[in-house]
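Some structures are shown below for you to check.
After this come two complexes, each holding chain A, first together with chain B and then together with chain C.
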Partner chain A sequence: MAYIKFRCTRVKMKFTTITKWEFKGTLKSKKFMTIFFLQISVLFLMIIIFNSFVTNIESESGISITPSLNGFASMDVQDQSGLISKYVNPDIITVIPSNYSNALNNTVNGKTTGFLYVPGNADREIQNGQTINMVVYLDTSDPKSSVVSGEVNSMAKIISQSYSSTLAASANPQNTTSPSINQQSTGESLPLQIIKKVMLVILLFLPLLLFGNIIIDSVVGEKERKTGEILIAMPISHAQIIIGKSMAVALTISLQVAMWVIILLLAGFHIFNPLLVFIFIILTSIPIIGITTVVAAYSKNYKEAGIGLSIAYIVIVGLLIIPVLVYISRKSFLSNISPMTIVMRLFSGETIPLGDYALTLLSIAIVSIISYWIAIKLFERDDILFGPRPGVLRLVFDLITFKKY
Partner chain B sequence: MKLTALTKKEGQDILKNRIYILVVFVQVFILLGTFGIALASSIASDPVLLDQYGATSVLKVGVSDNIRGTELETDLVDQKLQLIYYNNISDAQKFLGTTLVSVVDVNPPGSLNVSVNTDSSNVFYPVVSTKVNNAVNEYQLQKKLESTGLNATQIQMILNPVNLQVINLNQNHQANLALNSSYFVEIMYGFIVPFILLLPFFLASNIVTDSVVGERERKTFEVLLMTPISSSMVMLGKILPILCFSLIQSVVWIGLLDLLKVPIYNPVLIFILLFFMGLGFIGIGVLLSMFVDSTKEANSAITIILVFATFILFMPLFIKTSYFTPILNYIPTVIMVKMASTPKINPIIILSALPTILISLMIFVFTIRYFRHERAIRL
Partner chain C sequence: MDSNEVMININSLSKSFGKIQALDDLNLEIKRGELLGIIGPNGAGKTTAIRMICCILKPDLGDILVKGKSIHQDPILIKSMIGYLPEEPNLYERFKAKDLLKYFAELYGVPKENINDRINELLELVGMTDRSDDRINTFSKGLRQRISVARALVHDPEIIIFDEPTMGLDPATANSIRNFIRKLKGQKTMILCTHYMEEADLLCDRVAILNKGKIMDVGTPEYLKSKIHGDVILKIKVQKHGDLEGLKHKIMEFESVGAVNFVDREFLISLKYRNEISDIVDIFGNDVISVNTKEPTLEDVFIHTVK
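What follows is the complex of A and B.
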């Protein structure tokens, strides 16, 4: 009778039972919930910074990603006419009004990075149609002299162009035909794309990499707590154990991703196709959990799993981000191999051909199948679970020859 | 003597840990990678450097066949742009964003009406845009001046009303820079240098939590605290090797940056600042260790704290907001930027490091006192 009951239980137990146990265990852990909400507070902080960052670079005349170095370099300026010094960018260079001898001493002694000398009669020279001869002294022992030199050169070019246009107009007052430059720009600027699209897509994928510890705990923890024996003695296959544990993590991740997407939408981020974005991120979590499970299944303890996970995640992040950057610069079809590319295109509202979706889904499916197959094969081996653990070469040989263990 | 033994043991533990050694090597890759990116992006965004390195074949501009032999063509060629000719300008427009970075057209031919269409998503957009604008402005000025009857000298004066002479001082002690570019100096000193020098202290927070929580997990903390050594000394024995490990890394990174021709000035002052910041980072790590039960929890919590620390330390470097300005000069990363890039440092900058030193010391002292009170074990 007991045997029959046992047989019945054996038939009934599925991977969903494992999923339910693991998921409940995760949600019941107070510390996990604290970390979960701390992660969300990090997201809030990121949103604030992100918005300030975008506003800052959009307000710049030339959009670029450079630090806002208040008073990074300093420059003495002697410009009685005041014609020139007003063009110096005060965000980077602190302008110190000075006289010739003091200013030159300051620059020679390294107190300021440079000294700009503008002749006192510059305004009259301009009015008389004469060339203004400016001199910039640079303290070349200071690396910031490049910044001062660059700033003064671009300032001289702006002033030159402005006066040239004025002088040309006054030299030919009867010429009423004003020149016109019709300037148009196509596409969003690269720095803005990197900030708006790449940063947002990284933010959306971040939860996938934050839950590696749960997988490690779920798999390696069984070995360290010596509960692996009980687990494999249960009426459930090794494959179902792995799938059940992975499903629980996928559920936790989907909960976090859903919350992040909702928060980002509420914060005013333009995320087109939010449902598809969510689905593709969750689909991406499957191969990532698979790879993490392989690392966890092979590792003896938390420490080893930590090393393996660090290396694996560096590679995964690289493989996800590089195609995104390639897509931004080249719009290549192959860059859709990374699900990050398709998610970025989805939330940007691009029209995506079915072939591009197919490539992404194919890459997700291939990596998932391979990683889960390896994880299950590893988990089925007693020597992996209870030792002595075989070497990597031996394992690879057994896997490629489909050796039954 | 006992303190020395504990310090030695902790030091050996750090050096034997493969994760820590791996992270040290990862930092080398980060340093070399960020340096390479800064170098490449500086060249790609600077017209003068791009001309200097002869990489102008990528600056492709589509033009109509009818500009052949005109002043506009000469001006565009003078800017070292690679012109690709099309019978019809609409053909050129089709390649904008793929082969071409910009399309320039004059309609009707020979007139002053120039239309410029540029792909701003291209990596070389800033350079091409600057060069095309220079060429078009020059063309339009020349065309206007042609009809005025002015002589060549007068035209030249109008075209170049400002003459800038550059005089280099202190050339005997010239900064040995990898690239003489404004952007390179700004991005290297303004972000990458403080980022690289602080990386070891992010690692230090992790090591200290591992060390304290690890003792509790292995149930060896009781034994350690029962030894005839004060709890402050126990803490010092754990902290000293971690602090030294981080400071040594930072010193090595300073040397490596010097080798890469990014000279770091005032290394002693930076070292002192890093020492106190290290105490702050380690103090936070110890404090956190007293509230968690396992290494796993400690790692998750310290990651989140370090994310906050990154924002506090690095975001002020990129945000221009008026409400940040009064405190900007007291943020340690900003002080580090000024120290690292200035050969002769202003004493006021040194004084502005005092709040950082005081806050770090307060965190550290509070941690030690709390540790003595709680003894961090909560058996």
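What follows is the complex of A and C.
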């Protein structure tokens, strides 16, 4: 047995080896690639929904939270004067010129919801100040009949008001102009800001919350597959193992966030300072991965980790979004404690004082240090890996008393 | 190579898991180039002991010095000196065989220029050159164990620790692993944890018998066998035995009897001479089913020690 002689070097930065292999493994994984492209598809879907929301909110009709009524119902109309065609809302009711016998057939066959009869000289009678009688026949078994009835009534009111004001103006010819309000405004309304800014910032931060499963797989997987034992037997510290695995996830997130930013830019979103936005999102991923690693280091299996992760992410999302909403309504300095606030301000093109950046960076640093410290301490405890696993209260006590384990 | 150099020195090692005392004041020395076997029943503390040598577990009390370095002070250096083959050949399923070896070679700090040659050498050694590009998840248990052996040796360690290396393997694969250990004998300092007494008897220079976290006895297989006071083991299988303690007492009155054990309706009696065999058998009268004699083995020592 001829051995190749060599001397192993003691490399201090061995976590890069773990990062390299974990990252390669992630990119080669079919499961990951499927998730990756599914996420991109979700992003495209969200862009479409987002654009539709913004178009809606920016239109004169304001925000509509109900589904569009376009082409909701159709109605046969007999109206020789053409009065109805001018006032009926075509987005709701499609008018089908008809007569009584045709309309009856259409209604019976379910083609239309009802029939509206308008007297032939209706326009002249209105101009003469006479009352006209329109008749509407409705198929009450059709659920749309109430909408059609309401629409016909409101149309009648509009016609009545319109002709009343015409008559009033003709009785007093000096008053030929009607008062009008010319409204001008600066800035965006609060709902518009919330939808445009918060939705975009959530889109940008979404990849950070979608990769929890990778770190769970990486750390809890070592326990489930029982490969943790040989990894710990390597000449590498527990801290380097945790950092190496976390770095691999951070790299994966960077790749995804970069793609998302590019897609959003190509989709026509206005993102000022895209590079700074990208950097802050990646920096934010560090404490989030740290918190995820704490959950993974303590969990015995995937199921437990999944539950822990759900709870942790609810808290994380709350802590990220609430300061953003506070900033939109009050412009509070403290709301910069959430990196989401600074990212939102960055892509909005605001001029941000250095103090605000410092607060964000400080919060990222503090949460990162604490979370990684806890994760490493948990990973170093052999009772967590080999049992019997201590309870959470016992761990908290050991951590806060800095008990050497 | 100084064969008297103490490579591993275990001092007053204790470890408990909750209320279970896994190791209790364990003391042991292993010399350079020695192959020490550790045998003991399930839960004796064998795996706990070797996990501590590998710095995977931390002791509650005591210390282990590996080439004079303490596991408390320099665990990373100690880990780099040891090749560890755990009981279960759990490996990263997603890796190809050669990638797995490359990953661990990099973690052990094997110089880049040596990695490929070393991998090829090890794959040849374990007879897996033709499977180097196959994924681990396609391997049988035997192949996994072979690639695990290669993994444990990738950094050419001075100390190799095998935990039940042949358990659950077919006889041919188990034999190839034993041959492999035999080849390394004398070149490496090795610890072999095993349930198979014949394996320990065949391979080990010394054997330590561990029971309930304590070393019950340690020595060469021959020395341990001699300690059960007999040149021959008399096995008497009986239908019923009545007063067991009374029978044992009667047997012990014979001059040539060194020890008496009773396992599964069978008396195992170690004798110095054969001339008293018929007299001993007569004690059981018509209750005797069968009578056999054999040379004492490590298994007899084990049963005698941990009874």
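In this text, the second predicted complex is superposed on the first by the 268 of 405 C-alpha atoms of A that agree within 3 Å, B and C clash if a C-alpha of one lies under 4 Å from a C-alpha of the other, contacts with A are read in each partner's own complex, and residues count from 1 in each chain.
The criterion applied here is as follows: a residue touches a chain if its C-beta (ideal position, glycine included) is under 8 Å from a C-beta of that chain, and two chains touch if they have at least 3 such contacts.
A quick note: this is a predicted structure, and the numbers were derived from the prediction, not measured.
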First (chain B), second (chain C), both or neither touched by A:Gln161: first
Chain B versus chain C as contact partner of A:Thr227, first or second or both or neither: second
Which superposed partner A:Ser310 touches (first chain B, second chain C, both, neither): first
First (chain B), second (chain C), both or neither touched by A:Val147: first
Partner chain in contact with A:Val135 - chain B first, chain C second, else both or neither: first
Touching partner for A:Lys14 - first (chain B), second (chain C), both, neither: second
Residue ranges of chain B in contact with chain A within the complex: 17-19, 22-23, 26, 45, 96-98, 112-123, 125-126, 136-137, 140-141, 143-145, 147-148, 150, 154, 157-171, 173-175, 177, 180-187, 189-191, 263, 292-293, 295-297, 299-301, 304, 307-308, 311, 315, 317-321, 325, 328-329, 334, 337-338, 341-344, 346
Residue ranges of chain C in contact with chain A within the complex: 17-18, 51, 54-58, 76-77, 79-80, 82, 84, 86, 88, 90-95, 103-104, 106-111, 114, 117-118, 121, 125, 151, 155-156, 183
Residues of chain A that touch chain B when the two form their complex: 31, 35, 38-39, 42, 45-46, 49, 52-53, 56, 62, 64, 66-70, 72, 91-92, 107-111, 126, 129-147, 149-153, 156, 159-161, 163-165, 167-169, 171-172, 175, 177-190, 193, 213, 216-217, 302-303, 306-307, 310-311, 314, 328-329, 331
Of all residues in chain A, those that touch chain C in their complex: 1-11, 14, 17-18, 21, 25, 28-29, 225-227, 229-230, 232-237, 382-383, 386-388, 405
